[in-house]
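What follows is a pair of complexes built around subunit A, which joins subunit B in one and subunit C in the other.
Now for the complex of A and B:
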């Protein structure tokens, strides 16, 4: 029964997103990637495989994240503003069900955008005779897990602040995660006992998006894939963190006057 | 007997932009019996939508209790019994009416070909047979209201809660809606709706509730109310004293017209006219205006 509810809600989000042409920006970007690859190939620039691969994974990661943030952060506020929420919540579903269904929908939209771009990137790389190695597939899988966490974070933040602020905060977390972790690590070694505890606590609460980014490994040629336990750990982390964010969203949403 | 709706001492408050608490509904109590059609009336800002939102669980009351067929309002079991039409209904602009119905139907627990068939039948019933596969954004306001009415009927709910039900509908649409609602009532469905269209209320309701500034100020059965509002006029030629019965009379080219609010007064007047040897030439029984009554009642409560 719950599965049917989530599927119905998620399908609505995906259909709306596709018909609203949200994913056109991804298609245009993919076309630009193909054109760039074609131009580089036409001028016969060889030995640039690593550079092109690095560029491709960076573009993939950036645009996948932007689609995820923009989709998830505006979803619930828009539903409230446009009053489309009332007929939904008038049905025998809980507000938690609604959040989960919408989160699944936003995640699927970001995955569709990401995989569309990935397919076009694979074609572009093929023009440079760069194959899709197992590490690249691992990169895609881990990035998709990361996008699910980005969606959960954006959704949760959108219930506590305006959609624009939620999107900005999510993008800061998503792209600045590596820098924040680095800064915390530096601070930790310089800090005293209680401060170290606080830094540890903060570090465990903040989203660790850099963990999901295997881009620097995937950009290199012929690198071995990471062990399976790493992927499983990331899967576990994504599930736990997304669940925590959904609970955080529900804490605000469950008694919110509509 | 379990009431379809039972509201006791309901208080709903909201916060203004500067943080002040304002009571939208204050100590409101009423019941609606199964199978009844009850109109919920009041001027703008009276607390109608807030009450309906409390019934649907969209707002948590500060105090008081709302029950739907004995179940806590807002609970899944209670919501499963209700078909709800929100005020200013908006539906996903990029979905079609059929997809919209499918979405709500699946959330209602319906599925498969049975759901699709019911959705198509309901859309056809509200006059959207030719528009069920067009995107909602291309539909007019009246057509969207029809989508809203159709979605509220999904799953044959035992109670229909309709907020501003005739909003955006043309006269033909209103007539069709009346027929649908009457049909639903004959099937045993309870109807509770708010409307500013007093003519609709007049034609549909068994009973009305009037709310003003969050308080219930009137609760009347329509038959009784219509009888109270009825006005009688007797026209006669000749001399007859109607002293003590009415002061509302006029003379026009030798014909006297005396007006009464009570049927008993009319009967007495006709008797007096006969006894006095005058001749009754016309007796008119005229329905009173619900609008005038509503305005007078709100004015008295203000």
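Now for the complex of A and C:
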């Protein structure tokens, strides 16, 4: 029963994304990737294969994250603003169901966009005879898990702040949390006892987006695929963190006057 | 009038302006860089384009280093880590030119220095991480196109030219030396006043071609340029000037010109008063049969 509700809500998000031509933007970005690849081809990429692959996974990660953030951070605020939320909530669904369905929809949209970009990038690289190793499949899988976490975070933030602020904060978390974690790791040993406790606490609640990025292994040469336990851990982490963000969003949304 | 007409007219106007604006060019870094932010002060768009090129070039520089380590991110060791006894993850001695300073550690720490537990374990698994003690480098030739690209984007990026030349020079055959010198000469055409490039050319001529007499003109030009700008030289050029004096003094020593050794070392010590190598060379210049080999070894090891 719930599955049908979630499917219907998610389908609505995907259709809305198509109606708003978000995926067209992705297609245009993909076209730009092809154009850039054409420029590289003009100069010749003999010896630049690693650089081109690195550039490709970076572009995929950046654009995929941007699409995920922009899709997830504006769903609920726009439903409220356009008053389309009322007929939705008039149906026999709870507010929690609505959040879960929307989150699934945003995740699916970001996955579609990501896979479209990945296909276009693969096409561009194939035209230069640049191939990836099998670890690329793991990269795609883990990145998709990471995009689900990005969507959950953006959705939660969008209920506590304006859509623009939520999108900005989400992008800061998505691209900055890795740097913060590395800074914490560097400073931990030199920190005092209380500071070490604070560092550990901060590290545990920060979204660990960098764990989902196998880009450097995929781009560089001869790195083995990651063990299965790592992929399972990432799956578990994505589920737990997304659930925590959804609960955080629900805490606010269930009492929100509409 | 129809919109198409106005579009065509606008394109024609822009085309005419563009055709005649032969003096409009991107402004990049000056050949001899000043320390701190470079000023691109003639026009905002040229400034932006210049900075864009410089930034892309610097980005390629960072990535070239990354590819040499097969994607393993490394950083300089901190003072605190040194005091705490953290060992540097230096490169294996493979008998080739050093590609970087040997005081680096991995950005992602090993398990024994990582407080994050399983998060740390997962990051070491998903990122391109490995224990880098006595690490090997990828074949630097892989990165040569990147040095080509970065120096094409920013011909005033001296480190791009010198490091690219060093990568060529890792091939110690005459062919590798010639390719290295060709690359340096190409850089010199774009940066005729660079002390660093002139010194590198002198160094290659002296150490690889074993031709001190041919190296002297390069090094004398570098010395002349560096000494006249000694108060405004940026750090990398100043460091190159110190080497200029050392190599020049060695060239004069090897060609049996003690008076020139004294002149060069005396001038060098005016600029770099605490340079032990120059001091030693000056002392030996006054002693018949001084132990030049020891001095040269000191210079090579930087002690």
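Observations on the model:
One rule holds in what follows: the second predicted complex is superposed on the first by the 247 of 258 C-alpha atoms of A that agree within 3 Å, B and C clash if a C-alpha of one lies under 4 Å from a C-alpha of the other, contacts with A are read in each partner's own complex, and residues count from 1 in each chain.
Here, a residue touches a chain if its C-beta (ideal position, glycine included) is under 8 Å from a C-beta of that chain, and two chains touch if they have at least 3 such contacts.
The shown structure was predicted, so the numbers you read here are calculated from the model rather than taken from an experiment.
Annotation for the three-chain superposition on subunit A: subunit B and subunit C fit side by side. By the touch criterion stated above, A:252 is placed in contact with neither subunit B nor subunit C. Contact with subunit C, but none with subunit B, is seen for A:190 once the two complexes are overlaid on the shared chain. By the touch criterion defined above, A:5 lies against subunit B but remains apart from subunit C after alignment on the C-alpha atoms of chain A.
When the two complexes are overlaid on their common chain A, residue A:93 makes contact with subunit B while staying clear of subunit C. Comparing subunit C and subunit B on the residues of subunit A they touch gives the larger count to C.
Fitting both structures onto chain A leaves subunit B and subunit C with a minimum C-alpha separation of 29 Å. In the superposition on the C-alpha atoms of chain A, no part of subunit A is touched by subunit B in one complex and by subunit C in the other. Every residue of subunit A that touches subunit B in the complex is listed here, in rising order: 1, 4-5, 7-9, 11-12, 15-16, 19-20, 82-84, 86-94, 255, 257-258. Interface of subunit C with subunit A (complex): residues 60, 63, 67, 70-71, 73, 78, 80-81, 84, 107-109, 113-116, 118-120, 122-123, 125-128, 138, 141-146, 149. Residues 43-48, 50-51, 54, 142, 181-182, 185-186, 188-190, 196, 199-200, 203, 208, 210-214, 216-217, 219-223, 226-227, 230, 233-234 of subunit A are the ones touching subunit C in the complex. Within the complex, the subunit B residues that touch subunit A are 14, 53, 56-60, 76-77, 79-80, 82, 84, 86, 88-95, 99, 102-104, 106-109, 111, 135, 148, 151.
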